[in-house]
Amino acid sequence: MRKPVIPTPMRIGFLGLGIMGQGMVMNLLRSGHEVTVWNRTALKCKDFVKAGAFKGNNPAEVVQSCDITFSCVADSTAVKDLVFGNSGVLQGITRGKCYVEMSTIDEETMQDVGEAISARGGVFLEAPVVGSRVPALEGQLIILAAGDRKLYDDCFSCFEAMGKKALFLGSDVGAATRMKLIINMFMGTVVASLAEAMAMAEKVGLDQEDVAEVFSLGALSCPTVIHKSQAILNQKYDPHFPLQHQQKDIRLSLLLGDKVEQPLYVAAAANELYKKARRLGYGDSDIAAVYRAASA
Amino acid sequence: MRKPVIPTPMRIGFLGLGIMGQGMVMNLLRSGHEVTVWNRTALKCKDFVKAGAFKGNNPAEVVQSCDITFSCVADSTAVKDLVFGNSGVLQGITRGKCYVEMSTIDEETMQDVGEAISARGGVFLEAPVVGSRVPALEGQLIILAAGDRKLYDDCFSCFEAMGKKALFLGSDVGAATRMKLIINMFMGTVVASLAEAMAMAEKVGLDQEDVAEVFSLGALSCPTVIHKSQAILNQKYDPHFPLQHQQKDIRLSLLLGDKVEQPLYVAAAANELYKKARRLGYGDSDIAAVYRAASA
Amino acid sequence: MRKPVIPTPMRIGFLGLGIMGQGMVMNLLRSGHEVTVWNRTALKCKDFVKAGAFKGNNPAEVVQSCDITFSCVADSTAVKDLVFGNSGVLQGITRGKCYVEMSTIDEETMQDVGEAISARGGVFLEAPVVGSRVPALEGQLIILAAGDRKLYDDCFSCFEAMGKKALFLGSDVGAATRMKLIINMFMGTVVASLAEAMAMAEKVGLDQEDVAEVFSLGALSCPTVIHKSQAILNQKYDPHFPLQHQQKDIRLSLLLGDKVEQPLYVAAAANELYKKARRLGYGDSDIAAVYRAASA
Amino acid sequence: MRKPVIPTPMRIGFLGLGIMGQGMVMNLLRSGHEVTVWNRTALKCKDFVKAGAFKGNNPAEVVQSCDITFSCVADSTAVKDLVFGNSGVLQGITRGKCYVEMSTIDEETMQDVGEAISARGGVFLEAPVVGSRVPALEGQLIILAAGDRKLYDDCFSCFEAMGKKALFLGSDVGAATRMKLIINMFMGTVVASLAEAMAMAEKVGLDQEDVAEVFSLGALSCPTVIHKSQAILNQKYDPHFPLQHQQKDIRLSLLLGDKVEQPLYVAAAANELYKKARRLGYGDSDIAAVYRAASA
């Protein structure tokens, strides 16, 4: 069911139509926003144009023609290309233009982007999201924001369309990224631990279905545990959240821990297990495929 | 609300009135079972006698005077004392007497107990439970059983009174213990990871309440994550599940993994963190106190 | 070159002719000791009888016919069989008979054995050794002893024949075992780390021979690093120290750490890597085969 | 004793007079090389000028006035400042000028530096060294080199003065850095494991001196184990190799492992222990201070 959102009249840009961006844009369109999209491989824009979106020719053009431009791409490298590259975001920024970075990347890159936007007179908000493919499709993301408060307020109807909850964590750009990383570190460690439990169950002669049932009934019953134990049971690893992105987020968390001198023994072990899963060829599979590393 | 349980007319014994046993016995009594209790420190029997229980003088006497005797104590040592000790369970076993071991212990001890009971003509069921103090109080445990099928069936009304779900995992004594260990290994690793996440949040300048809120909204929202993040926030570590028992269960899981050649990198790291928490003096506190080791 | 040892005139018994026992007995014989041997598979005694040893029919008989009996077998189970089994050591112990346990086992078993020997009027020394096949062959073991001081002194010529150094760690039986476990935990972790380094070298396109050469020249140059890096280079895993014994020792160390509340994050990770190597089928290979787990 | 080195007539520059650079320059001077030094805090140049060195005013000037310029500074940031900064190395590079980077840094930075030097017509060699303060002082470093072969040959007398062994690993800049990181990862993990062993020894009531003695006699006896166990015994942590540099090197190794999909469970655990030691305030102490984290 669509939520009754009163769309802002501002023109919205959206850069990146990957697993996450697709759902987010569709929800912006459904709730009546005017959206201009751009994607590195232009072909992906087609369905969205059909659904009512405009198509931009490059990031700079999108930013110029819109009031607020969102971006949600795979990693820091993609963000840097997008922002600092030829015909990139920065070239479209003029005084008052608003840019909201929703990708999950490292803090330094987020701050570099924020500073570059501000230096050009633009307005910046970081707004990484919690949730993967399905919450993105269903407008059930959690949006963690930090930076310009007025821009956060202006994003109200967009955030309502894309998410079930938005939190403003203050003006300190980087805070939202730090929280996002911590959440994903926890998520990744839980799934790695689930994988070890399921692998062990099989080794000691238990029926994995029984184990999954008990998990679904007990005090750890939550969407992640239920869905990922089912994925493991059925060996279905189509990517809701690609394993290599998960591992990137744990890596970034560990580096953040390094910076603030926080040891993270459990997360560090989980990180190595994800590396092993990448080595086994599951980088593009769902994070549940870490089971393959645990049971190898 | 009490569940409408039709109590078995059989006489029920219950050995052990610790954190778990207290709730379990109260639910047996409430649902109309005739229960004879025994506890190492006899004083604890008082409230239960007031609530309608009989009091046995030693384990052997309880077993002799009852049809089915349950036991739920702290660890393998306590079980061995209880079963093999002076005036212990074994001395009360005669042909047809039923004994149900609900403690979470290592597989070898469970099998030794089962064999000793059977050798005396007794009937044995292992039935460790999933859930801690509150589910025990509320009759919401999950009961994992293996061993004699008829005894499992005879326990129907007792299991209904104590739990929300019972699973029979086959006649192979040890299977339920193995599943219980795996579940607790997972639980312990999740809480250790939560502790690392909360410690990190504090270190990077985030409000732990914001983090707890996002956890409660996201795909990992479950009773354990909600309650333990609250316990960490409030630094309230009264024992729902004592940390040293949790660590014992991870240790037993790792030894089980050793036996079946299953590496468990993530659980092994969590285990060391719990050892650290014990060293810091939190062995008797709730498992949430592993936070103190993570943030030390 | 044989060391100029003046052999004790006492009659020496030796139980266990495995990888370690073979070298130890040969050095006792070479240095002129009168040795009676026993081994579970009797065939192995042949070469030693040829070299001048007497052959005992069972442990009890060896103990009865000798003044001091040494034992060096694979693990706690083997020690328990040997000591407490039919025609076992205990049945041969009478007042004043001396028994020296040189196996690397857990502390509890060592203490149980010591108490059982003492209870029968026997004299007990624990004396686990540091060193594997080659030092055993060359009489270059390090002998760690605790228990009866006079027996330690009486073993002087035997220890001289078998080792390059003996340390008496006090009368507290268990102390030598604890030190032995710690040393083997360190050894095992170093070799696991070496394996990770060599696996990584290969992955990043370096010549493993160059790496081994640098290791042999640097501040970490020692027999273990030199020999194990060569073993890895040549993929020659004939057992100097069988991998499953190594893993058993780390497991026992971790359990000891558990008892004294000492977290051991690095050793715990190494332990899981050895489990993985066992799973890959390298339990009977040399510890260097942990490389296969690291590079899998 | 000085080694009989025939010094090259080429003019040598040296940038960086930290723990490592001090010993290296002194050996270049002692063996008769003409050396021009520069250091960020100029005061440190004094002793070297007294010993016969010239003093440069900035990196660019040193490079201009010398044939071959070596650099050995703390980390990637310092290297980037040195090379790309104002009056930096790059500004002194003209066709044929030779630059040898001996710092231990990440591969990407090393390659960036190499490319920038080459782009200006300079000649580049990476040459990180194995060994800490004492080997630097004694001219006993191991020098790992990759890049321009002719430059490597021209460095012959300098490398002879500074080291006991130089290896040329090919023209692929980055190879020497990769090997250096792997060696330091191994070193760091060994010392972390030693720290755990010594902490455990103390906890189980052993005399740490006995343990250190056994380590010095056994198959793991090497300068690192001997010196670091003594440092731990005496709680003397003056920096031969500063702990935070060690941890940086393990971090870089883990990131390298990430890139090539090599899981490193043991090194990852060691890394977290070093982070803990930094948190306890031992970042500037010797790596042996990781004992404080292990025994905390």
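The first chain written gets the first letter, and so on, giving A, B, C and D; residue counts start at 1 in each chain.
The rule is short, and it goes like this: contacts are C-beta pairs under 8 Å (C-beta built on N, C-alpha and C of every residue); 3 or more make two chains touch, one makes a residue touch a chain.
Fair warning: this is a prediction, and the values are worked out from it, not measured in the lab.
Visitor: Is the C-beta contact count larger for A-C or for A-B?
Guide: A-B
Visitor: Shared numbers divided by all numbers used: is that above or below half for chain A and chain D, i.e. same or different?
Guide: same
Visitor: Rounded to the nearest whole Å, what is the centre-to-centre distance of chain A and chain B, using the mean of the C-alpha atoms as each centre?
Guide: Distance between chain centres, rounded to whole Å: 39 Å.
Visitor: Cα centroid separation between chain A and chain C, in whole Å?
Guide: Centre-to-centre distance between chain A and chain C: 54 Å.
Visitor: Quick check on chain D: which residues sit in contact with 2+ other chains?
Guide: Residue numbers touching two or more other chains: 257, 261-262, 264-265, 268-269, 272-273.
Visitor: Graph of touching chains, which shape: line, ring, star, complete, other?
Guide: Chain contacts: complete, every pair touches.
Visitor: Would you pull the chain B residues touching chain C in the complex into a rising list?
Guide: So the residues of chain B touching chain C come out as 247, 251, 255, 257-258, 261-265, 268-269, 271-273, 275-276, 278-279.
Visitor: Across the complex, what residues on chain B touch chain D?
Guide: 265, 269, 296
Visitor: Enumerate the contact residues on chain B facing chain A in the complex.
Guide: Chain B reaches chain A through residues 130-132, 135, 142, 144, 164-165, 167, 169, 172, 175, 178-179, 182-183, 185-187, 189-190, 192-194, 196-197, 199-201, 203-207, 210-211, 213-215, 217-225, 227, 253, 256-257, 260-262, 264-270, 272-273.
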